[in-house]
Amino acid sequence: MQAVVKTRRGPGGEVKTVPTPVPGDDEVLVRVRASSVCGTDVHLWVWNPWAEARVRKIPLVLGHELSGEVVQVGRAVTSLAVGDHVSAETHIVDGTCYQCRTGRMHICENVQVLGVDHDGVFAEFAVLPERNAWKNDPALAPEIASVQEPLGNAVHSLLPEETDEDLAGRRVLVTGCGPIGLMAIAAAKTFGAETVVATEVNPLRAGLARRMGADAVLDPTAGGAPIAERVREASGGRGVDVALEMSGHPASLQLVFEALTAGGRVSLLGLFDRPATLDVDNALVLKAARVQGIFGRRMFTTWYQVKSLLARPAFREKVAEIITHRVPIPEVGRAMELIASMQAAKVSLEAKW
Amino acid sequence: MQAVVKTRRGPGGEVKTVPTPVPGDDEVLVRVRASSVCGTDVHLWVWNPWAEARVRKIPLVLGHELSGEVVQVGRAVTSLAVGDHVSAETHIVDGTCYQCRTGRMHICENVQVLGVDHDGVFAEFAVLPERNAWKNDPALAPEIASVQEPLGNAVHSLLPEETDEDLAGRRVLVTGCGPIGLMAIAAAKTFGAETVVATEVNPLRAGLARRMGADAVLDPTAGGAPIAERVREASGGRGVDVALEMSGHPASLQLVFEALTAGGRVSLLGLFDRPATLDVDNALVLKAARVQGIFGRRMFTTWYQVKSLLARPAFREKVAEIITHRVPIPEVGRAMELIASMQAAKVSLEAKW
Amino acid sequence: MQAVVKTRRGPGGEVKTVPTPVPGDDEVLVRVRASSVCGTDVHLWVWNPWAEARVRKIPLVLGHELSGEVVQVGRAVTSLAVGDHVSAETHIVDGTCYQCRTGRMHICENVQVLGVDHDGVFAEFAVLPERNAWKNDPALAPEIASVQEPLGNAVHSLLPEETDEDLAGRRVLVTGCGPIGLMAIAAAKTFGAETVVATEVNPLRAGLARRMGADAVLDPTAGGAPIAERVREASGGRGVDVALEMSGHPASLQLVFEALTAGGRVSLLGLFDRPATLDVDNALVLKAARVQGIFGRRMFTTWYQVKSLLARPAFREKVAEIITHRVPIPEVGRAMELIASMQAAKVSLEAKW
Amino acid sequence: MQAVVKTRRGPGGEVKTVPTPVPGDDEVLVRVRASSVCGTDVHLWVWNPWAEARVRKIPLVLGHELSGEVVQVGRAVTSLAVGDHVSAETHIVDGTCYQCRTGRMHICENVQVLGVDHDGVFAEFAVLPERNAWKNDPALAPEIASVQEPLGNAVHSLLPEETDEDLAGRRVLVTGCGPIGLMAIAAAKTFGAETVVATEVNPLRAGLARRMGADAVLDPTAGGAPIAERVREASGGRGVDVALEMSGHPASLQLVFEALTAGGRVSLLGLFDRPATLDVDNALVLKAARVQGIFGRRMFTTWYQVKSLLARPAFREKVAEIITHRVPIPEVGRAMELIASMQAAKVSLEAKW
């Protein structure tokens, strides 16, 4: 089969012919109908220091976001059949560690990642463990079905645990309008948030944020009142109840706490790459703030929430807008460039080999 | 001032002149701009056995749902000023019992009820404790603002505690489409429920349920498959995640459990008037069901959720549809009749004395 | 190997020689060091109507509570090794249904039960799926390790969900002091409950309840004030915060609600065998009670809680007291009789073939 | 009456005669039987920069921890009577802000503090709002009753919200063994924690930590393996589930995250006085950690939990050990010195004027 392969520990990758993989007893073989590019894929492509430190398996088929059709099932598989349409949860877990045994599989101690530790999905075919294959409505467009995993990140940031207060009537801040931030805006409005304020410097993304339903999109670098004050003003005065940091920018780390109402909660998804400085006393302790680090998405409570969002035509249209570019998969290098240069929000890869 | 007064322990009531009340130190005086009729008011009006057993204060100004304007404030009042628009939380609580001291004021051990234990709001003026006065957006139409309290019941039934799983992506059943059931349907859809199925025998109410956004409205008395089966089919097969019993009908008590998925939750708001029989083993124990009795609404988390719903024009339009009749308050007897005979959903009382 | 086998659809069972089972790829073979008898085993032994309706597999090796040592592991097993000491979670789940995929494996739609649907553990050897094998501290006495599963029922009844209020400072009622009720009393005290009141008619069990740490043990059939009043008095007046129904007696179903404080919660574990009648209005709705049906125990959050209890010497001593009888396994019929006649609390089966 | 008064904006204070205060309608007058010294009192006494910036009212009667007897009640007071024994919740709240109206009174937007914004309790008599007076068991020793407020901080740090996972079976780390840290250790053990590890450099406090029941007390400055590694080892290997930062030391801020298991939770009570630097990516995001800032204690859920702890003789004995010194109140300056120099844990002030 054809696949996008990292053949050496350095920048770039190759489209080349590799053997079609064979599913094990509890795995399925999937024909890939569409895939899409995540920031992680770009890190691997440009081979940044994180990639150098993280990757052990070379050669490696890249990619983890997909939509496909099951073409073969292992003999122990019971919940899937040939012809089923599926997407993938990327986190391959052991099922027996403390986290897995206590309802937190998504932070498995021995997690392995599709397209990082195992061969991925930028290929004609891919193998998925039965547990990681999520059955789709066959009517769902492949390019939409493919982006469910980052959509899961967005939803998980909004609703990290069963125990979290729901969004009904809450005021929400999203800092950073990359694809996941955009999805979070649309999901927050759909789940009943009263007000959603976003921050973003890039005009393309700011425009998309408005189309997602953000009540206000603020540029933190614009002059005028301090940004925290502007966020408070745009969200009704008392501060936001829920803030999602999705930019990885140190100034936004300050902002999510400054704009928060006492007792509010913050989800941190963005990575800062280096230690950050925070006035812990005022940001957190005296404000009785609650912070949740976000890694992956719940397996699979979040996926059911995503499914429900995608059952709404209006929501699907919003997701379609986030996919700003469609690129035939052999031109994957161009897709990487579009994202790295921030000309694109989400890039879909067409299975035209 | 003019007021609707229960002057004797028996059916009916009188529109008559009574002294305008005087607010205490921590109370406000409100000029009533609109009020609305609740089932409780009808019980008091027709003087059923519950009323005979429950009411101690006669004469009694009736009514508890209102929208009004503050015209005088007690000297200890700090959060309200003359000119503020307010509605009322009906539950007057002691603030010092175990429930009040542990975040559950709405089930205060010594709760007293406006229009039952204290003079109510079917009058030109009414007195409210500062704590019970909820500040409205002045732009909110008085007749809409007046029905926030039952809307609070609906929202509280959907989201009884902070700790309850949110509605995002859930399948919901509402049995009984009186005003609160109708409001619950509209609120569930707004808060992100995937599917809402309702049951109702009355065609007027069934029609309204569809306009509220119910995905299916089923008549339990219609022939064909058993109703639990029809609910399952209409909600996607695996059973509903959340069921709201709002009819007070014993058959619906069975239904909410039969239609529930294992581990789902049930809110019980309807009163059955007599002991009910339930197959506790299969309905509850073996299904690991969770049940919540619903009394009032959280003070005031639920009110913030209600406020957020009413900030949405589309939601306000739905509430306006539930108000099927507007009656000048001196004709309150006709309003009672419209509800008792189930010709009306919600009846608004116009302050035209 | 030797095993206790149900050889025909009727009362009793046989100790006979059967082939030693062979573990599959994701299973382990365990040498049984101790087992113990559950009420379910008695139902199967006497072959009551439930057993007739429920059991499909005959011949069937009985039993599901055990402590043993791993003697062989399937080739896909990663978390266990030969020599590990284990007990068993009885619920064999599919891992892919809605419940399993949303953190509620213990109520799997397709659950199968060890010793009911699969050959059980009243044998020299037993096969367990890797997922169902719970690793024990090797220093834990086998007869104690064997009763972890019912201890899990007790703990799960006290703490049904992550989201439930903790027991710190709560007042608890346990109706019915069978083995699980006794364990619940001891666990509630260890988890910080302020007061634990129990009800029981059998003097042996009532005595054990006191030794478990119950602050009061009341006989509902004794004269004097109504039992709900006596429970309130014994628990400080305002009613209990948490009530556990573990008797399956209709009068206790009434009691748990009557004795409950407004807004309290009830766990229902006991089975009533027939529909029960309940004053739903006063028991549940107006009291804003919360009810949780209890089936199994969380996989495996509850097991970690159990492990922590058993790490305390004082708690282990209490569990040892609940095991009132030790019987060599070939005399299993006598063990059944001891339980059926309520002469015993828990009966341990010694692996002396 | 006699009182300890801050008479000028500078170090120290005076014991002098001031008018006995008069309770308002919703207040009570209390004769102080015992009081105790908090770190805040020391800040006010030495008049550090925080005190200079924070205090507006001079002269000011100092102190907020007390035990006393009600000697007069305002005419609107219903829940207290002359002769009742009470302690004080220090946070005087408005009851009408967003936080107060949503069950989070302890972080009231307009909170005022006894002994900081209002005259305090280092006096013969003190006035308390009815809401702030917590009724004690009259048999509780005054010096123990007086320290319930910091004990509330300890319990609130362990159990910040209804929705938090309980402590049953959890592994807990407490960094810093001042009075609140010591109380947290004792409370964690009482609430069923499996293991409690503490860190402390001061040998007096480390010794007390052991007496509180800590399974291990580690000195972070001692040589050997890195402290995070030693904490993991002492707590069973997988990391702690719950970590309480109570030292205000930047190194401990790192430690609580390093020692945490993935998905664990951290409560931050200690103040760091200056911005701190944190590797947010690894500490929080990738670890899916949850952090809760701790301010005050829940009003009054936490107080009920405290009451239950103090109902246990063994727990009361532990609290008595934390009170290392008893000083007649006119020697309050010496009490301040004992704390500032870390020679004392908790200092009780005897009402011997």
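In this document, chain identifiers A, B, C and D correspond to the written order of the chains, with residue numbering beginning at 1 in each.
The definition used in the following text is that contacts are C-beta pairs under 8 Å (C-beta built on N, C-alpha and C of every residue); 3 or more make two chains touch, one makes a residue touch a chain.
Only a predicted model underlies this, so the values are computations on that prediction, with no experimental measurement involved.
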Statement: B-D, A-B or A-D checked against C-D; over half of contact pairs coincide for A-B
- prompt: Once you count every C-beta pair in contact for both, which comes out on top, B-C or A-C?
  reply: B-C
Task: Starting from the mean Cα coordinates of subunit A and subunit C, work out the distance between those two points in Å.
output: 42
Message: Among all residues of subunit C, which ones touch two or more of the remaining chains?
response: 98, 162-164, 304
- prompt: In their complex, what parts of subunit D are in touch with subunit B?
  reply: 25, 78-79, 94-98, 101-103, 130-131, 161-163, 298-301, 303-304
- request: Going by the contact rule at the top, pick out the subunit C residues touching subunit D in the complex.
  value: 155, 159, 162-170, 190-194, 304-309, 311
- prompt: In their complex, what parts of subunit B are in touch with subunit C?
  reply: 98-99, 104, 106-107, 109, 163-164, 238, 253, 261-263, 268-281, 284-295
